[in-house]
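Got a structure for you, written out below as structure tokens; questions coming shortly.
As written, the chain order gives the labels A, B, C and D, with residue 1 at the start of each chain.
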Amino acid sequence: MPVSSVFETTIERLSILEPDGTFDESLGKNLIPDQDLVDLYRHMMVCRQFDVIAFKLQRSGRMGTYPENRGQEATSLGAAYALQQSDWLVTCYRENAGLFWRGLPMEKILLHWMGDERGNHIDPDLHITPLAIPIGTQMLHAVGLAWADKYRDEKSISCTFFGDGATSEGDFHEAMNFAANLDIPTIFFCQNNGWAISVPTKIQCSAPTVAQRALAYGMRTIQVDGNDIFAVVKAVRDAAEVARTESRPSFIEATTYRLGDHTTADDARRYRDADEVSKWEKQDPMIRIRMYLEKRDLWNENKQNEMQAEAEKLISEVVKRAEEIVDPVCNDMFDSMYASMSDNLKAQRSTLRTSSLGQNPSQLPLKDKAHA
Amino acid sequence: MPVSSVFETTIERLSILEPDGTFDESLGKNLIPDQDLVDLYRHMMVCRQFDVIAFKLQRSGRMGTYPENRGQEATSLGAAYALQQSDWLVTCYRENAGLFWRGLPMEKILLHWMGDERGNHIDPDLHITPLAIPIGTQMLHAVGLAWADKYRDEKSISCTFFGDGATSEGDFHEAMNFAANLDIPTIFFCQNNGWAISVPTKIQCSAPTVAQRALAYGMRTIQVDGNDIFAVVKAVRDAAEVARTESRPSFIEATTYRLGDHTTADDARRYRDADEVSKWEKQDPMIRIRMYLEKRDLWNENKQNEMQAEAEKLISEVVKRAEEIVDPVCNDMFDSMYASMSDNLKAQRSTLRTSSLGQNPSQLPLKDKAHA
Amino acid sequence: MANLTLVQAINLALIQEMEKDERVLILGEDVGPNGGVFRVTEGLHKRFGGKRVVDSPLAESGIIGTSVGLAMNGLRPVPEIQFEGFLGPAYDQLCTHAARMRTRTRGSLTVPMTVRVPVGGGIHAPELHSDSPEAIYTHTPGLKVVMPSSPYDAKGLLISAIRDPDPVIFFEPKRIYRAFREEVPEDEYTVPIGKARIVREGGEMTMVSWGASVIHCMNAIESSGRDIELIDLRTISPMDVETVVNSVNKTGRAIIVHEAPLTCGIGSELSARIMEHCFLQLESPVQRVAGFDVIMPYYKLELDYLPDTERIGKAIEETAAY
Amino acid sequence: MANLTLVQAINLALIQEMEKDERVLILGEDVGPNGGVFRVTEGLHKRFGGKRVVDSPLAESGIIGTSVGLAMNGLRPVPEIQFEGFLGPAYDQLCTHAARMRTRTRGSLTVPMTVRVPVGGGIHAPELHSDSPEAIYTHTPGLKVVMPSSPYDAKGLLISAIRDPDPVIFFEPKRIYRAFREEVPEDEYTVPIGKARIVREGGEMTMVSWGASVIHCMNAIESSGRDIELIDLRTISPMDVETVVNSVNKTGRAIIVHEAPLTCGIGSELSARIMEHCFLQLESPVQRVAGFDVIMPYYKLELDYLPDTERIGKAIEETAAY
């Protein structure tokens, strides 16, 4: 057999609710109860409002750099909806919708971007890790988190989010490989939003799909329309089922688009066409759900306006809570470095000095030192 | 279209000269001229003898740790044979056969394992990088080397060798991804020898093939019988052609087996079955070529004995050259740290001290320092 | 002469070296059409094209590892790492390969590359965008480490770095990227690697710093009204111990100021060297005003972390009074 | 009591902590059936099974990154990195994540893991199997760094490390893995992290070292015939400055000995601290006997690189004579 085939495969793409409103009943029916869909839509409106206000806070100097989430809400939200409270959400920084759905107090995210570590102090029952700034590194933590649950024979799994750019990092590969070979129940959720700051996806992955990254590990994989919350929910549910029952990982590539700049420090007009953006604006996940809800008489202009007002009120309260927090004090930077503080840190903390002459002499045996 | 296919593929396995002597004429004919094949076989005998003697040198305390190459000679040798002198060979540490074919003086490899950096001092015209000790990191250099040639519009390419274990490292992924997305003419040659020290391949890659690692990058890929020098030559020639004419990378998984211990510091009986080893001993690439040559009257017992004597003589001269080299001197460790030496290094070098009192006072302005 | 910011001076140096030497190429994240997140490579993609100004995949080890290969094969890559906090994934390629290649091959393969990296705090940036890891790379033999504190030095040092036959990590203090302008010659010139600069002379004590902290030192010295000699190290590795030791032998007192954490920072090496070589001249213990031994805090507290004029001022008074 | 080598003492500590605490698991390359390339985990796979002693893929960042996740979720992973030269790929997960997790979450997530790593030269090993990177991790706040020099301390310190609520890098000096035996109690005991050990008392000068170098210091002291106080730091971060300073305040002279390169090594921090705190007691400049500022050479020259009894002896005489 000089030439034989040793591996064959196909990758599927899943979409249920298309941009034009077409809905696939066979896959979509009973996937999301009506009332839940309304709640999800309302939640998206809140998240969108959060985004608008966060952007303004940055522009008016009340907050540091902020990455808009606009246009990508369906991905993390669909996933959070499909998962259980005891499952870990291990996110990057564009998954507000999923984190808020899980129950993360919204001001935590503002605090983070306001340069305040208290934004990362998260109730352990939420099973959330803080925003990940270094790209591509949190997937390994997600694998470890799920592994620990498996070790204790708990049925929880982890779901980790990352961008197309993140799939270029070595840690992405190592995380995928650990999960596949050690049978760790982690869902790898890639939000392929077309860009990594100014770099288009083809420089990160010139293959026809990002989904095929998973073939390297023999891992289950699928591509979904990430602006279609139905498709996202179905893909994550299927992956979660496999994870829970077979302790196996899955990969999901959700195609979506970053409608805003990379962050408030970025100006996307420098590197991408307005045409591309307006094309994608029409595919906004919220337009689609609203159309679907209205067609089924579950939503209307009135409800929209009411909800918008509600969202505005809610977010202004969130901003208030974030801004009213007492200032951190300098000691905070010392106090959680270790479970117990070394003499060196105690001296630095109490004197706020590193120069030896400035440090409290009682903390080091300088007592019998006579001055020259 | 709720579910559509977005990617389909097949991976092929290539073999031409099977362990039982079956030879595929359609693929194998004219691939390697008879005289070349005889030369390749003779070369393998020399390499095998090198291995035997290197092992003995370690056991008798005349050399440090050494990794036997036994059983894997056909991979790097087939590749080196298929490539041009101006193409870079970027190896790991089990590719003696390929390096010697290219022209690396054999004593260089002994010197390396004798703890002597002069073993890495290689004539630039050979286009060889020194042995790579840290696993998985040299593939990135291979990409950079080929990229530089491409940058200058030269037609040279690079071919980098690594084990199955190496494909677990993040740098492997980054190298593959850079080459695929930036169109760098590098051949990634994986020697899947079943083990990474004591860890079996399935813990490095639980997918059915290692070859499918390349699908993640949309990269050309193939699996070959790595103990079949014909298959290796064909796969590398094809890959080199694509690299040279289209400036595109390829991946080759060569299945082979490490007949010896991982290194002389290892004892493989601790973790693998004797049965497995003896099964693979029958597939030794040299047995196969010899059978083929004898069937075609190109080789016989007599030639074998003559060549064995020749190899023994050759290698004993190599050992002599390696052992007769003058000892390195302490200064050597300073002299090639930088193109030009800092005052600090000069002081350390001339005094062989790091304590300030031991350093030559003329090298620092201590002159006017009166003793207490 | 042109009145340039530090960013502009670096941009000019890159343009001039690329014009002059075909072997120079730039690679990194967003360095292409976007001109880098700090706009340091602005205009270069347009001017030199995508072959010489390359947007790479998002992978720091890949950027440095391929640069090692490019450099080994005759080019002069100038990779950019977007922020010092993302040097971590490249640590291995820098310290295990770039730094070792020349000596492990006894000179047959070399790595003439210049790794540009914005460094340091004070710009209200997110986590991991404000660190100062220069000591890590100074402890690694085989690398050179440079950090300018002015547009003039930035241009001259960067040109030296690109022409240097060995790997150089070129740290750019982001806090002063645009903080002030300085007269910078249009023509190319070099500032030698390995030579400190005496910013101002003085006899009462010696202060040593580098990067953005030099400005704070200057302010603190001015408000102290004292006769203090200020040395800008400029190159951290190799360290110009001679200039420092000469100064302290004259003044008898020394203060070192840096942003990185105190313990095992560059201050410790300088302090040890000063003590070793000026032992009998020293009239007070060498003082270190540094970052605390904590993780660089998020920006609400960053100014509490960074050595400032006040902390430096106190150290001056205490050192003088000793 | 049993007469154990350092390898055996570590093996025993691992067995006992795993017996006692279900949360402890081991992962790394070849740690399973093979028992680790130095046989430190010998017998553990058989005893505790593949769930608790895990052969991982060949990927150091993966080993440390998943350990961070395991630790954040209530376990006590004890990852092994096969040689200190392969810590490089794990640098980012160690310094960017493990070290920062507690403070960046203000204590809501913590990383109680112990990274075991063989360290140092002197065993005629190949390239990158003989380095001493302890200063790199000491400069990184949030980590603890430990290096025992005896079987007794190894067992007690490893137990402390595994029980420690924060990440600890546990360096094992491979040169003395089997160099000698020592009485080690069968029962579990702890040696506190952060406390140096006075190996021998003396009044004439103070010598500070850690790891395999302690043995050379002892030899040098004995052949000098002088009354020297020898301190084994044991924990490098946090550093027991108090014990060192107390000693030097008594003796007035100090020598520090380590394998890592001189510049920005731990010796520089110790030297700076001693000078800061013992300024008026110091009768001679603190001396550092360290590795040279070069890449650790291949083994033919490694003994020329490593500080040995002779170099230490010279430093003793010169310090005494100053």
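Criterion: contacts are C-beta pairs under 8 Å (C-beta built on N, C-alpha and C of every residue); 3 or more make two chains touch, one makes a residue touch a chain.
Because the structure is predicted, anything quoted here is derived from the model rather than measured.
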| item | value |
| --- | --- |
| Chain located farthest away, centre of chain A as origin (C-alpha) | B |
| CA centroid of chain A to CA centroid of chain B, Å | 42 |
| Between chain C and chain D, centroid-to-centroid distance (C-alpha), Å | 30 |
| Separation of mean Cα positions, chain D and chain B [Å, integer] | 34 |
| Contacts with 2+ other chains: residues of chain C | 56-57, 59, 61-62, 85, 88-89, 92, 96, 103-104, 127-128, 141-142, 239, 263, 276-277, 279, 284-285, 287-288, 293-295, 298 |
| Residues of chain A touching at least two other chains | 117, 134, 168-171, 174, 177, 181-182, 203-204, 332-333, 337, 344-345, 356-357, 371-372 |
| Chain contact graph, described as a line, ring, star, complete graph or other shape | complete |
| Footprint of chain D on chain A - complex, ascending | 88, 117-118, 120-124, 129-130, 134, 137, 140-149, 151-152, 170-171, 174-175, 177-178, 181-182, 332-333, 336-339, 342-345, 356-357, 364-366, 368-372 |
| Interface residues, chain C side, partner chain A - complex | 29-30, 32-35, 37, 55-62, 85-86, 88-89, 124-129, 255, 262-263, 283-285, 287-295, 297-302, 304-305, 307, 311, 314-315, 318-319, 322 |
| Residue ranges of chain C touching chain B (in the complex, touch as defined) | 25, 51, 54, 56-57, 59, 61-62, 65-75, 77, 89, 92-93, 96-97, 102-110, 141-142, 144, 164-166, 194, 238-239, 241-242, 245-246, 249, 273, 276-277, 279-281 |
| Parts of chain B lying in touch with chain A, wherever the complex brings them together | 1-16, 24, 26-27, 168-174, 177, 180-182, 202-209, 211-218, 223 |
| Contact set on chain D toward chain C in their complex | 61, 85, 88-89, 91-92, 95-96, 99-100, 103-104, 127-128, 135-136, 138-139, 141-142, 237, 239, 260-261, 263-269, 271-272, 275-277, 279, 282, 284-288, 293-295, 298 |
